[in-house]
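The structure under discussion is supplied below as structure tokens; questions concerning it will follow.
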Amino acid sequence: MSEITQPAKSGPVAGRLANNSQIVLLALLVVLCIGISLSAAQFYSVENVIAILRQCSLVLIVGAGMTMLLIAGEVDLSVGASLAFSGCVAMDVTNKTGSVFLGALAGILFGGLVGLFNGLVVTRLKVNSLIATIATMMILQGGVFLYTREAVQNKHQQPAFTDISTGYLGPIPLPVIIAAAVFACAYVALRYTTLGRYIYAVGANAKAARLSGRRPEQLKLLVFVVTGLLAGLTGLILASLMNTGQPTAGRGFELTVIAAVILGGTSLLGGRGTLLGTLLGVLILKVIDNGIIILRWDQNLQMIVPGVVIVLATYLDLVRRRADAR
Amino acid sequence: MTKFLATLLATSAAVAVMSASAIAAEMPKKIGYVTNYATHEWYQNVIKGMQDRAQQLGIELEVRDANLDVNKQVSAAEDFMSRGVDVLIITPVNEEGVVPLVRRAKEEGLPLVLEGNPVKGMTTMVAICDYDTGYHAGVEAGKYAKGHLGGVAKVMNVGLPLLSATVLRSNGFMDGLKTEIPDATMVHDLDGGGNPDRALEISAAALAQNSDINIIYGINDSSSQGGLQAWKASGRSQDGLLVVGTGGEGLGFINMMNTEPSYQIEAAMFPEKVGFTAIDAAVKLFNDEEVPQHIVSPTTPMIGSDGWKQYYSVDGTTRTINWDAVNAVQPAEQCMKTAADL
Amino acid sequence: MPQSLSLSAAAGPKRPSEWLRALFRRNEIALLLSLVALIVFFSLASDSFLTTRNITNVLGQASLAMVAGIGVGVLVISGEIDVSIGSLAGAVGIPLVVIMNMTGSLELGIAGALLLALCVGVVNGFLAAYIGINSLIVTLGSMFVIRGAVYLYTGQKAIPDDLMLESFYQIGNGRLFGAISYPALVAIVLLSAFIYLMRHRPFGRKLYAVGGNPEVARLAGYDVKRVKFIAFVICSLLAGISGILLSSRLGSAVHVAGLGFEFQVVAAVVLGGVSLAGGIGSLFGVALGVLILSFLANGLGMLNIATEWQLVTTGLIIIAAVAFDELKRRAK
């Protein structure tokens, strides 16, 4: 019986810890928004809010998977390359079949296959996920050019394809709805199901989880596949947004996602983290990115500021956790 | 017997003629080209033009890719030197970063042609005039704005400050535009990274910041595409908008000119022609012929949705250059402005 | 106690036969065989591969990653990681070239470059070792901050070497007796020195102990934080030296220099059998890892293999090599 209570305990504990840091993040976000809007009123224009949310949704969709992956103690650096490839596949299949549904399905499934490959390499071949997914990134960056020499153009001209990114449901852009749905599913799965508790348990202590009869390898494989599918979904939305399948898209996307997840308080060592934190992390990074343009600051700051913010946030988190421990 | 003699005579005469022309222009056996980013459509088409020309002249062409890595570029050039190519062509990832390479090639007596950007100590360079390219597109944009946009020109420049070439294009565009519309303004000067997803993200923020933009200028096709997609994603109509792209790198601009009503001007830079000219320059250097320091490869604005059809034909996913039309475009004698003027 | 836990590598075997046996037991022999196989294969496949000039070329090209790899190897063995080395290798070119242009002295320039590297190492090491922030996060942060600062300072333009100092040109491009390039010489000297340090000095043993099991190392009386801090400083200094050589090869301070360098180096280090978990691996293995990747890149180029295939092949080889290594380790 104790085997079950142990992982079950780590969920709420992690949740409580993270709740504290989320207040800090929320405060930071509020300060940022107020600060930016004081000097540039356009920040709160409907158009800008929608632009920010659309960018956030791309990062958040992959971020939901990445959060679970980091909590389980693994990482995936191939998501950027994977979403570029998935976007090309989605556009190409839509061109060839004339069916947006089949194209979208192919793109998402391709991402899932990449996730499956990553998962198998990590869980079966026992390759450290940081290295394995760097290697996958290289394979995908090379592979996409073997698949298509140039950007895959939109030849089908189906409005449904562009609607995936630019359409609206009521006043809300579709990508935001998709991201919200993904987020809600991931949130429920991580917070309220046994599966979620196992993910925390596996990341916190893989050996203990194995002793308790769970199979951490299978669970990790599943999370890799989910992250892959989400990268495929993001690739589809990005291809729709750009109206082409761009083999060079997504460079550095993985770092943005991981930065947001870490900023949200998820531990790189596994076992600790929340999706709410990731949501706040994504919002903060994208608001900073947007704010630098809106305020007409030097765009080189778009590289420096997030770097400082992440280290600072991690430090504050650390300080608070030490204080809690006392 | 006489027939045999006649044949012999004819053959030797033919050989004599051939060798005479061979003396006039000795052909290098092997040319090595270190490109900076082979997977980019622009460079794919530069390589295509090189291959076409090399094949015509019976030269073997080998290509190495630096993949945007300055250090890898030096290594690739070293590899070519140790293999013994007759002429080296380099597109510098960064023009300062290949200065030692130029010196080493000189020390080894290896002829070196630069493509794209000038380098200290070089013999010759094949390149378009970036400023002029932007300038002529700017003049056309001004005319279009007078006819269709009520003479107002508020520009969002989806630029790339990283490279002097792309800065020159943006400057040229604004200067050209101002010859037609003197009070044209650049509302936003953005760093779109030269890639479409970043350009899109930056443009979306900039459009929200200032909404009275009516011209989007992109320093390459990915940038203009990113800008245009951001415009569309914000729900704006394309009436009253003009998009100007630069490069004519691949199929992207052709597709946009065909389908997007606002995409009216493309500053075409004919990558195939750049490659073609670079091979010719390599042959000249190999023969110790006099060459100018800057061999200009021609550019011209393409206007309207059919503008490209004069120069290219498209079949499925391959485009073919119409050499007669492109070779007829006269390059400028000299660039109006170069990186030295920045 | 730490000796027994800190693996065979720390307890340096003395006699040649023992040394050989240790080599077989460990991973280096497999790497060495792969390297030989690679060289034989490319020699057969391309007639311009096995020439003195090409081999010395590749050694020179490998030396930049080798120098940085030694530092990353030391750091990873101590249980930490640094992904800011690419940004740093690019950044040190700026004080180097700017000071050189002002003073006309290569030595002062190098001093400035090393000072910058030292500062970065101290900051990274302080934040990671003493404050306790995860080193991947710290160095990911400094990777962005350093690169961004370089862009801000240079306005995204390269800084040329105005004086064209001969000594500056020579350190990256010159050859001793016309054969061995100076960067290769620097790499060989540093590699020997650090292999000696790791095998025969107490500090080497401490590194393995700290990386293998920090708790046990602490109980054994080692100052874990201090050891890790020094490892960070070593790593940054070596990345700085690598950056100085790079800057000479480029004849300037190029703002985009070293982009992606961290991935190449970390991949080579891991390929060389150093475990990212810490405590396991050797610098000889790191050197072999670097050489394998360098000869692979050169050979694939000689065979005229396009970039895309080079990327795919390199990725697959990394997975295969690391998987082989891990599975073998587990089988024991």
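In order of appearance the chains are A, B and C, and numbering begins at 1 in each one.
The criterion applied here is as follows: contacts are C-beta pairs under 8 Å (C-beta built on N, C-alpha and C of every residue); 3 or more make two chains touch, one makes a residue touch a chain.
Quick caveat, the model's predicted, so the values are computed rather than measured.
> Does A-C or A-B have the larger number of C-beta pairs in contact?
Here the pair linked by more C-beta pairs in contact is A-C.
> Please identify which chain has its centre, taken as the mean of its CA atoms, farthest from the centre of subunit C.
Most remote chain from subunit C, centroid-wise, comes out as B.
> Averaging only over C-alpha atoms, locate the centres of subunit A and subunit B and give their separation in whole Å.
Centres of subunit A and subunit B (C-alpha means) sit 37 Å apart.
> Find the geometric centre of each of subunit A and subunit C from their Cα atoms only, then give the gap between the two centres in Å, rounded to an integer.
Subunit A and subunit C have C-alpha centres separated by 31 Å.
> Out of subunit B, which residues touch more than one other chain, so two or more?
Within subunit B, the residues that touch at least two other chains are 39.
> Got the subunit A residues that touch at least 2 other chains?
145
> Which subunit C residues touch at least two other chains?
Residues 156, 306-308 of subunit C each touch two or more of the other chains.
> If we count contacts the way the header does, which residues on subunit B are in touch with subunit A in the complex?
It is residues 39-41, 44, 190-191, 195-197, 200-202, 204-211, 222, 225-226, 229-230, 232-235, 250-252, 255, 259, 317 of subunit B that touch subunit A.
> Spell out the part of subunit A that touches subunit B in their complex, as residue ranges.
Its residues touching subunit B are 40, 42, 45, 47-48, 50-52, 54-55, 145, 148-151, 153-155, 157, 162, 165-166, 238, 241-244, 246-251, 253, 289-290, 293-294, 296, 299.
> Which subunit C residues qualify as touching subunit B in the complex?
Counting only subunit C, the residues touching subunit B are 48, 51, 53-54, 57, 60-61, 64, 155-161, 169, 172-173, 246, 248-261, 297-298, 301-302, 304, 306-308.
> For the complex, give me every residue of subunit B touching subunit C.
Going by the criterion above, the answer is residues 38-39, 62, 64-65, 67-72, 74-76, 78-79, 82-84, 93-100, 103-104, 120, 161-162, 164.
> Under the touch definition given earlier, write down the residues of subunit A that touch subunit C in their complex.
121, 125-128, 130-132, 134-139, 141-146, 255, 258-259, 262, 267-269, 298, 300-304, 306-308, 310-311, 314-315, 318
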